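Chain naming follows the written order as A, B, C and D, and within any one chain the residues start at number 1.
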Amino acid sequence: MKTLKIVTLGGGSGYTPELIDGFIRRYDELPVSQFWLVDIAAGEEKLKIVGALAQRMVKKAGIPMTVHLTTDREAALRNADFVTTQLRVGQQEARIHDEAIPLKYGVLGQETTGAGGFMKAQRTIPVLLDLCRDMERLCPDAWLINFTNPAGIVTEAIEKYSRIKTLGICSGANSMMMDIAKVYDVRREDVYARVMGLNHLIFADQIAVKGHDVTAEFIEKLAQGNGQNQLKNIPDSGLPPAFIRALGLYPLSYLKYFYLRREMVAHSVKDSQTYGTRGEQTREIERQLFELYKNPQLESKPKELESRGGAYYSDTACSIISAIYNNRQEIHVVNTLNRGATPDLDENSVVETNAVIDRRGAHPLAYGRLPVKIRGLIQSVKAFEELTIEAAVTGDYSTALMALSVHPLMPSVDIAEKILNEYLVVNRPFLPQYPQ
Amino acid sequence: MKTLKIVTLGGGSGYTPELIDGFIRRYDELPVSQFWLVDIAAGEEKLKIVGALAQRMVKKAGIPMTVHLTTDREAALRNADFVTTQLRVGQQEARIHDEAIPLKYGVLGQETTGAGGFMKAQRTIPVLLDLCRDMERLCPDAWLINFTNPAGIVTEAIEKYSRIKTLGICSGANSMMMDIAKVYDVRREDVYARVMGLNHLIFADQIAVKGHDVTAEFIEKLAQGNGQNQLKNIPDSGLPPAFIRALGLYPLSYLKYFYLRREMVAHSVKDSQTYGTRGEQTREIERQLFELYKNPQLESKPKELESRGGAYYSDTACSIISAIYNNRQEIHVVNTLNRGATPDLDENSVVETNAVIDRRGAHPLAYGRLPVKIRGLIQSVKAFEELTIEAAVTGDYSTALMALSVHPLMPSVDIAEKILNEYLVVNRPFLPQYPQ
Amino acid sequence: MKTLKIVTLGGGSGYTPELIDGFIRRYDELPVSQFWLVDIAAGEEKLKIVGALAQRMVKKAGIPMTVHLTTDREAALRNADFVTTQLRVGQQEARIHDEAIPLKYGVLGQETTGAGGFMKAQRTIPVLLDLCRDMERLCPDAWLINFTNPAGIVTEAIEKYSRIKTLGICSGANSMMMDIAKVYDVRREDVYARVMGLNHLIFADQIAVKGHDVTAEFIEKLAQGNGQNQLKNIPDSGLPPAFIRALGLYPLSYLKYFYLRREMVAHSVKDSQTYGTRGEQTREIERQLFELYKNPQLESKPKELESRGGAYYSDTACSIISAIYNNRQEIHVVNTLNRGATPDLDENSVVETNAVIDRRGAHPLAYGRLPVKIRGLIQSVKAFEELTIEAAVTGDYSTALMALSVHPLMPSVDIAEKILNEYLVVNRPFLPQYPQ
Amino acid sequence: MKTLKIVTLGGGSGYTPELIDGFIRRYDELPVSQFWLVDIAAGEEKLKIVGALAQRMVKKAGIPMTVHLTTDREAALRNADFVTTQLRVGQQEARIHDEAIPLKYGVLGQETTGAGGFMKAQRTIPVLLDLCRDMERLCPDAWLINFTNPAGIVTEAIEKYSRIKTLGICSGANSMMMDIAKVYDVRREDVYARVMGLNHLIFADQIAVKGHDVTAEFIEKLAQGNGQNQLKNIPDSGLPPAFIRALGLYPLSYLKYFYLRREMVAHSVKDSQTYGTRGEQTREIERQLFELYKNPQLESKPKELESRGGAYYSDTACSIISAIYNNRQEIHVVNTLNRGATPDLDENSVVETNAVIDRRGAHPLAYGRLPVKIRGLIQSVKAFEELTIEAAVTGDYSTALMALSVHPLMPSVDIAEKILNEYLVVNRPFLPQYPQ
């Protein structure tokens, strides 16, 4: 059995113990012999801390896997089998700006869509495409498993501007199925949901528990579960029951940013005034995590890591890598080319949907027409995504302005212009593609 | 030459003198021998006033056209050649509610799109489909030329639920070309603009003056013309110059409701507090107009009518009716079935675009893909339109709630629910299709 | 575990021992408690012979399955879980006409496409739709697993004109994968081929052995294997090596009817002069089989049955029924709605392609654009199929004539007319939908 | 008013007097000041003969147009406004091979489709793309009006591989409308037919005389007019009346090659045995024409030219050039990009259909779905066209073999291979793109 070389870009991330834990637990099916953690010079200190923990974890597991820590990306990539990314260009500081600048104008600055997602994409896509150039040279047959947000946008950029095989991964659908499993008190494996949409913008329209359709029943539970008399185990979307019934689909929780735009902005403004932005909160959590990681007695991922919400990511990523490696023909929800899965989006758009995963990659299941109830929103965000990618690749100001302007969460093009101008100033070091 | 019988539903409208004036001026090419003005009992008084004026106008013109005033729709429709509609179910009172209720929640209540357009469609579509039933019986080969707003939505409803030949008419594109003509100091006939979109949501992407492309040049004029140093004759869209350049298209002025959502809501709220809603203003203008109409000395349309903005409508309508009647193969901008003109919308969607008009109807010119800059917005409003039509036909509460919820101007589904509930109460008399 | 009631229409067919054998072997996973064989009065004698054999086979297997023989379709259908069809309206006599009439004019009369397929569809579709009407009443949740040729056309007719859940089954793709397995000396389960097309008109464009892509290599083997020096185990398509290389896909063997039209007609004419038509040969084989079946000592399917080529059918059918029943999410090649799997065919067309099968049915994998090399042929046969279905449902002469005329194997519309006229005369008893 | 420079490639063609005659007659609306006839060295003698006639014709007309004869293509192209092509790479000799080789195998060798069209495209496309390269340099804003057959294929090649503005022109639709005019005894201008399809593969589905729909009536006349009792003025398609009624569309006469494949092959074989191929007949007609042209007394196009069928071409071409130059927004049938005009063909396919012609080019009218009766044939020939273009550009043997193999008139891939091999030998001098 061929052993595997896995390379993780942004290896100094606080998530790394999750990932290494996942590979250790799956060693029998995924014989990883080399695990390379790569980071840039600025991240070397964190790389050493988290890398040492990773090495202790592997040692404790007693498996023949070597963990390499390096800032030499070329050496790492050579003959890699799978490359994963969890990098954050500009660190948490950049994220804080991503969120704070829009909030000043009463606009949501969530990092995966809207203004924040736009800005993160501008910093991230050039770095990822540069990675792809290296991969085309050093490991042209390797898979690039992309966790980096905005995951759908980044995946589409790679599909459009590179020959590297890639899949975009998000734990969203997985967490939806976990929630369903909780409601029905069954295992996650007993739940199947068909979802369609874009990353962080997905809806389940068919829900089965042990193969039996429970869609209508589950939607009714959702509707009844919302509001003051929150029922046990029923996820609270914050959406009015009448709306949930009218929708008739199970939306990912991120959808509340769109369906409750006004309320979420108000909430975010208040929240950031009280606790700082989500980026500031995350920075503090990460600081605490790294304090734990430094402890040379620690040989497993600390349970505090769970508050970062990364457990599902690791599970999702490892199981998909295993499905590829073992040619499993299992169904997973991934970000991949549409290819007609829904005729309401371009064939070359990246969608997030159920796909059969095997050694040759992802084969999305034909979905058919989008329900009209969600079609406009999905098409509208897809237009934003296309413009965002084009702006990230060309550094064209007008394209960037259009991208921000057409996002459904943007209340005016005047504000879009102001946000863009502030963004370009604070992000200058990370935007070589824009006129300096 | 066959003479024509023309029937106007909502004949008691203040616009009628415009329309009759148009037919009088075109009598040589459009030999209308019978002009029937039809209204409901409640509108009979206004019908008599405006009808008498129409009769005086015809008499003065010295043409062999008879003007009939009636509340007997069947008699009017029998063997009609063209039927036009300018009716307003629920009168100006309903419009005032359409606008005021959303404004209470800080939501735009414009009558042609958003909440106001939704509500007007709920009242209007059943009446128009009922008219179509009568036409199928009494004048199955007649054309229904629809002016009634929301014109695109109403036209799509007729296309979907009736066999009657129809075209939806709006003066928007015509007024855009008038504006271009003013900038270049040429006649309207020297200007050609290719537009695409939905009613009140169109963009010109190719602009020619005397056959020469001036698109880029005109856009730059628009950009420079905006703002404080408003240039002579350049229409002021209120949009930032950088945005106009980035867009690179000439948007209909209604687009400011979408591109300057926040500012326009603020403006509408302030405006309605100062002057009342647009509906209240219109009611007052109309009251004054009818005072003028009553004057038995008046034998032509009064110039005060122009403040209602109806001149273009009449011109647009008469020239399109003439193009059909005379089999002209002229190009006009109309609301008609897409049929692939743009592959980014369903073939059976109604779009507003350039079409060749001849005796067989409208033949839209193939446009190709929508620019991504405007694609999402158009697709998103089209989804709203489809749901609005479905709600109007079925009277289904959930569909109505979804329609309102997915409109880009709606800031939250919670507010959508509140607006809908208030709407349904005040509109009860006009909504037989909804559960009473 | 719920036990199953399975009903087979055309139960008196010579294939029945294959099917019963398949269910006996899979009893552990598919607990069939009742197996109903249904036939019409005219087929009762054969039903008794083959039914008695089926009962002996079950008895020998020692499983608690009852085999019911009946001509009472209603009783059989009530509460059925799966209904399969292997009926032949008009028996082998009709098939003999299907083939002989076109051959008189030098036109291929193959029973699954071309003139023969057209004629069989005209007789079969009304019977199948009538069955669906009964199922909608008696077992609305049952699956109709359709083996009856032309399987793709019949499945599309059911999808278009009935609410019954259905899948069309053919052993073609399975036999292609068996052939690949033979070439690589691996088990069938180690082979995966992605196919796309219509029933009896499929092409494999991705071939994997144990998850490794061998497409190009296998095509080269095919090319080299053809011709005089026929290599061991390499299927001989009769196609020139240069053409196979140019095609670059693995075509089902039926494709030779299209790619070698002239040669195949010549061969069929000669063959029918020597041995009679395929229908005549089959009738003789079937006569011999029933002689064997009559032997009360026979308790298993006789090996002579294999010459009918039905083994794969039974395997394919049983494994698909098991995948549905056990919610397996396995990939099978079936005839099912396209739903965008390839944008080059209508979303509501039935295609034959790889689909995930689970309790909710078939979910085709998105395939993307058809290679231009095969696109025209597939689209062209699909047009024939649509017209064939419309003719079968309406009994409209002109539609029937167009269907025959547009088939790629038809050399002239004059001949199409002659064939149609002869067909309608000899098939009169089976064509209630046509004017009598 | 800007005067025009027109350049005709293949100026030595026997058609030139038609073209010059057309421009002379339209001088008032199309002020051509320079007319350049260009030919290659091998054609210089014919260029001189026909050029001298052209000069005499202009002189007689007394208009200020200069006629230039040259083999210097660069000089001719510099600052041209319109470039037309009527070249024939390989002369009539090549055409004779195009036809004779397939006929040996009982395959139709018509020069505009099937094997003959394929071969002509292989010779012609490289020459035309080379011309486009020159135009991009010397007259980038000029229009290329392409008459050269296969006109649809050549136009698609130019659209795909060049930036030059182009329209493909054929007299087919025009001659259909002339035939309709004859039947109704009206002027050509009183007839309007909507057609759709590919070059030499078009169908009229809406026929109007003076704006009144006569489609069904005209089809019935066609049906009745066929056969023994050929009615006066009714075009005889040779198609059986039942088929014409079933089709319900008016097919271009070339369609008989497809609908009467077997009969037409037999007829062509017999015809070529009696009179030589069409190419041989044409060569003889052309020889006789040039004898006439040599006469220095001749100052107008001789009436014998009409037997070449070129009159419509000249009319079609001149009126389209005038529509562009004068920005007429007239409707003409041209070969142009589909752009969604019918969703059943790719947006970037060239179709032959009605389009509005103005200074900016051709704007096809949205047609909607193709009738299923003709859809398969059109799609199937389009696949042939795409492969033919790809082969012509790449010189790839396999692509060439596939192109020939998928054509509906090809009876077997074995024969396709034989024809291709013979073609490549005799055409070697004209196929630089193929391995020599």
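Methods note: a residue touches a chain if its C-beta (ideal position, glycine included) is under 8 Å from a C-beta of that chain, and two chains touch if they have at least 3 such contacts.
From a predicted model like this one, the values you see are computed outputs, not experimental measurements.
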{"item": "Shared chain contacts [chain A and chain B, defined touch]", "value": "none"}
{"item": "Maximum centroid distance from chain B, chain identifier (CA atoms)", "value": "C"}
{"item": "Chain centre separation in whole Å, for chain D relative to chain B (CA means)", "value": "45"}
{"item": "Chain centre separation (chain A, chain D; CA means) in Å", "value": "55"}
{"item": "Touching two or more other chains - residue numbers and ranges from chain A", "value": "none"}
{"item": "Arrangement of touching chains [line / ring / star / complete / other]", "value": "ring"}
{"item": "Every chain pair in contact, whichever chains are involved", "value": "A-B, A-C, B-D, C-D"}
{"item": "Interfacial residue positions of chain D with respect to chain C in the complex", "value": "106, 239-240, 242-243, 245-248, 259-263, 372-373, 375-377, 379-384, 386-387, 397-399, 401-402, 405-406, 408, 411-417"}
{"item": "Residues of chain D touching chain B in the complex", "value": "192, 194, 206, 208, 210-213, 327, 329, 331, 338-343, 347, 356, 358-360, 363-369"}
